[in-house]
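Some notes on the structure that comes next.
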């Protein structure tokens, strides 16, 4: 059994700088097509390291606890949560928005960066897409169990019912959510699966056992790598990317509509759609960094997921974090500019009211901590960026908490003001959702290609190709050799 | 798909040493066409004449219509602001484009970047065009900004903003000076670095710009957003929308790419930039234009939906004004004209790779951008009346002429391609994937 | 099984060749060979590569795909489906008013329309890709070559199919070998059986059948009938441990679930039924015989708390009406001098009202419960001018703008508002005026929802001041201000 690919180089190679005109390599260590195949397939073919089993044991237990708590919740009712007048939208909606936000990075990396020809996406898109799917699964659970009678959640769908004789309410943003999150989840799933087909074929062709070969044969649908297939495949991939890019924006936009179409101060503001999208990208990238930093270490993928990839993601975290900060500022300004006393009160109350601690955790983690990424050593130090990414994750959870709870706890009717306290079940279930997420992610690492092998190879070939063309343009003699009948 | 080398027959000789590059090329292909040179005074005069004619025409027709000099003057000032914002948003689009090229270390855009730099360099001139508005404020007129004369203000909301000193002529002017100062400074520095590189070919100039583009984008985002609040949103100082800055940004970016397509196509038609700007660049600019048509629609729809759904009078009246007195035709018209038709028109790859097709849609986009600015600003001046609107249209044309005259002033005796930019070879050889 | 096999393949046909495949170590060699093959006129060709090789479409002469067009059609279908669905479901079939929003297609229909457009397009592009590529295809002759495993790793294969028009076994072999491939093999048909092994299809069938069982159970429960009691999954939801009014209980000695009010306490909101400040009259001075107000009764008389009398058919007949009108009618009778509704008003009062004239038949309070100071006077004036002056006029002569307009229209249904300076109004105690504002009178509506009790009292104060001003003498003016009056003249 192959252990470590011969070309593996454990040293961190700084490929973040490129001299203008000379693109630095995206992957390090003089990789060949075979070594890339080797390096990725090893993750699934070798026995998993001990840390995998420890993590898997822990997270699957947590997931089981989560599922048991859901069963208990359905049996007992949502009263076990801390949701109480006036804060009826509490942790469940906060957790929903938190997970959906995280679920934005994957499709963003696969679709929007694809459209912008950001080739560095190829090493990280598969893992990010997987993370997206699992985060959307965690997100989808919350509104499902929050509807009270969870077994009737299918009433949300517009199906001709002989019992109800009625249709869903299409003017409700919560129904838009059903469509947006449903479309997003299913489209991301097929996008992810379609991207995996060629790599599953690689897994199939490397399988030693007939059973393994049969399973991967079925999964890859008999992919041969035919050029005629590739052509249609690439077209379909491009179309999906072009569809998924606005889809990504629309999902968190619709989530923001849940809040913003109401008249509640602090919710009803027009910047919400782009601000939620920026926040989602921000939290999504932070989660990708949180997952990839240990993963590349455990599976020895440092040559494929290089500092350049991490550096780029940190730059996006910096940019979106600052955008989120700009949105906080704009909201504050407009609360004053609108001269609306309710709006002004809400924002002052957020910063200095009973939930001041949540507000300042949010600002510290979301706006201040990513500013550290202005420094290059922060962007290229794996430990430092991992810590910051966790801070961002915490901050983005608190952002949703601040938006949801501060506005609801101080609504128009002072007589109904209150202070929200979560219960033990709120906390355990949020913790448990991480168990589901991690369990699925670890299983993904064990059984599915964690890096888009064929895309990495395609970029290797393209950069080689570009180097040829450029060398030709620059009149360098040795550029001609391999090019053959190029023109 | 043909190999990229076939698409651009390059006849340049480039030699590369350690960290610099030199290139022998036909100098004639990267300068302004001779028939364009020295046209800026004529264009400027024609633009000014159109602007004045339009204003006078509007003043008289609107006045005759209403027998009301106040309304007519109000119309003219609003028309000027709308036409000014029409070109200002394009110039700001250019500034943002330049900044983002460096923050993303983009290579594809190098050969079209100089044109954008020249558009961006017109910002100091545009600051001069903003002066009439400042003069208007100091002449104590409330024709454009109702908050300028406190005695005539009835709304307590506006009074509060005046009393705090935010919406006052002094502070407004100070802020405008700050915005223009920041933009002009950023523009001038990025342009000067680019020109220095023309001389030395030193990669250091690229690295410096890469380093500073990040902070500059932050400054740009903040200043452009607040400029939109100040200049356009405050003509109706009761109304507010947090997304407003993003709205103008989206509209400006879309119009900027249309402008880029037109200028590049025009220069190529005049025999310039041959082989330097290829169908790939047009394809990419077309994609960006398409993208920002969608982005504008997204932002405009978000603003509309949230206020429509919330149904709070202090927010919806802004739309109510735009949905009566004749303006409803323009407002509803923007849905097909600014979204559906150009969206479908520029969706196909074949259109984006077809120069005449792309030029058609670029003109379309510039026209609807003018309609959009009219939609944002003109309904505040009163009900729609078509005849004075012709004066407004003349003014818009005049402003476009003046803007182009400024561009020509900046472009004269300047190479139109940063020939020694180290990323130029990448820009000359890249090919779009199959989208 | 092992015995079956030889019988089935008793006459083993030699596997047929389906074409030639050449292996290359890099994409440049592949492209070169592909161009050679294309230039020789072969069209039934293919290349197998680990990643999409750019330029291969041109090198092999592959035509562009029609997938984008199919997706465009699907997207349009999605959009139309969404619009039609929303229009029909919420605009036609199931109209439902929600926050005053219009039916049919509105801005609120856009998000779902967008999502369905994307959903239809996305699934069409994936399924269309599979359909156009003929996938899934699990058995492929090319897989018979063991070297082909590297087609998904690092090798590039060029294939010429035997079905090509110009195919000739030898010349194709020669052509391909002239490109110096790493290997050159003939592709043979896959000899393995094409039918599914019995355990697999039997197992699948059983699985599908088992999967149908829950659906059948649900269908049976939905459509069928049963004598058995309902199955309570959530027992504590169906039978909640709570008591409703009028039920019995064993917890309390009197066996009632509803508890009487504890003596000496006031419930929230109860003050409005007890305090003259909220009423204008003093309920403690009336007896049950005078006013049959059930609420009043329940708080006044412990004996009346017994619910039994309420079940008495006789009073029940008129009690609903009296509950509503009793408070206004006496005032009506008193001021308007109209015969009161005999059902609503207790006989004693009906008799008393006409005789008493302006004399109130409720114990009106005659002292303002608020201070008669300048602050209240100002408040009263402000509120009077907002709410009262439209009918009663600024000076209280009943000549407000509404009254003037109504008078000019000469509508005979119009009851003109009273002048506040009529003798009978002048004589009314403050409590009665307060009561009129609170409950309305004749055509005048109640202003209780618009004005707080304090504001109503302030208006009473102001009305009293207005009335007094009509009959003012010089003595009413403070001595020090009398000179100003003469100056003004």
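Labels for the chains are A, B and C, by order of writing; each one numbers its residues from 1.
Keep this in mind: a contact is a pair of C-beta atoms (placed from the backbone, for glycine too) under 8 Å apart; a residue touches a chain by one contact, two chains touch by 3 or more.
None of these values were measured; they are calculated from a predicted model.
Engineer: Assign the assembly's chain-to-chain touch graph to one of these shapes: line, ring, star, complete, other.
Structural biologist: Topology of touching chains reads as complete, every chain touching all others.
Engineer: Can you name the chain that lies farthest from chain B, using the mean of each chain's Cα atoms as its centre?
Structural biologist: In terms of C-alpha centroids, the chain at the greatest distance from chain B is C.
Engineer: Using only alpha carbons, which chain's centroid is the nearest to the whole structure's centroid?
Structural biologist: A
Engineer: Need the CA-centroid distance for the pair chain B / chain C, whole Å please.
Structural biologist: Each chain reduced to its C-alpha mean, chain B and chain C end up 42 Å apart.
Engineer: State, to the nearest whole Å, the distance from the C-alpha centre of chain A to the C-alpha centre of chain C.
Structural biologist: 30
Engineer: Taking each chain's centre as the mean position of its Cα atoms, how many Å separate chain A from chain B?
Structural biologist: Here chain A and chain B have centroids separated by 34 Å.
Engineer: List, in ascending order, every residue of chain C touching at least 2 other chains.
Structural biologist: Within chain C, residues 54, 57, 101, 106, 108 contact more than one other chain.
Engineer: Which chain A residues sit where two or more other chains touch them?
Structural biologist: Those would be 173, 234-235, 246, 253, 257.
Engineer: Got the chain B residues that touch at least 2 other chains?
Structural biologist: Within chain B, residues 3, 305, 309 contact more than one other chain.
Engineer: Give every residue of chain A touching chain C within the complex, in rising order.
Structural biologist: Touching chain C from chain A are residues 32-34, 37, 75, 77, 158, 165-173, 175-176, 179-180, 182-183, 186-187, 190-191, 194, 198, 201-202, 204-206, 217-218, 221-236, 239-240, 243-244, 246-247, 250, 253-254, 257, 453-455, 457-458, 461-462, 465, 482-485.
Engineer: Help me check something: in the complex, which residues belonging to chain C touch chain A?
Structural biologist: Listed in rising order, the residues of chain C that touch chain A are 26-29, 31-32, 35, 46-54, 56-57, 60, 62, 64-65, 67-68, 71, 85-86, 89-90, 93-94, 96, 98, 101, 106, 108-109, 111-112, 114-116, 118-119, 121-123, 125-126, 128-130, 132-133, 135-140, 142-143, 148-154, 234, 237.
Engineer: State the interface residues of chain C toward chain B in the complex, per the touch definition above.
Structural biologist: Interface residues on the chain C side: 54-55, 57-58, 99-101, 106-108, 110.
Engineer: Within their complex, state which residues of chain A touch chain B.
Structural biologist: For chain A paired with chain B, touching residues are 18-23, 115-117, 173, 234-235, 238, 241-242, 246, 249, 253, 257, 260-263, 268-274, 315, 318-319, 322-323, 326-327, 330-331, 334, 337-340, 374, 466, 469-470, 472-475, 486-487.
Engineer: If we count contacts the way the header does, which residues on chain B are in touch with chain A in the complex?
Structural biologist: Listed in rising order, the residues of chain B that touch chain A are 3-6, 10, 12-16, 19, 21, 103-105, 107-108, 156-157, 160-161, 166, 203, 206-207, 210, 214, 217-218, 221-222, 225, 229, 240-246, 287, 294, 298-299, 302-303, 305-307, 309-310, 312, 314, 421-426, 428-430, 433-435.
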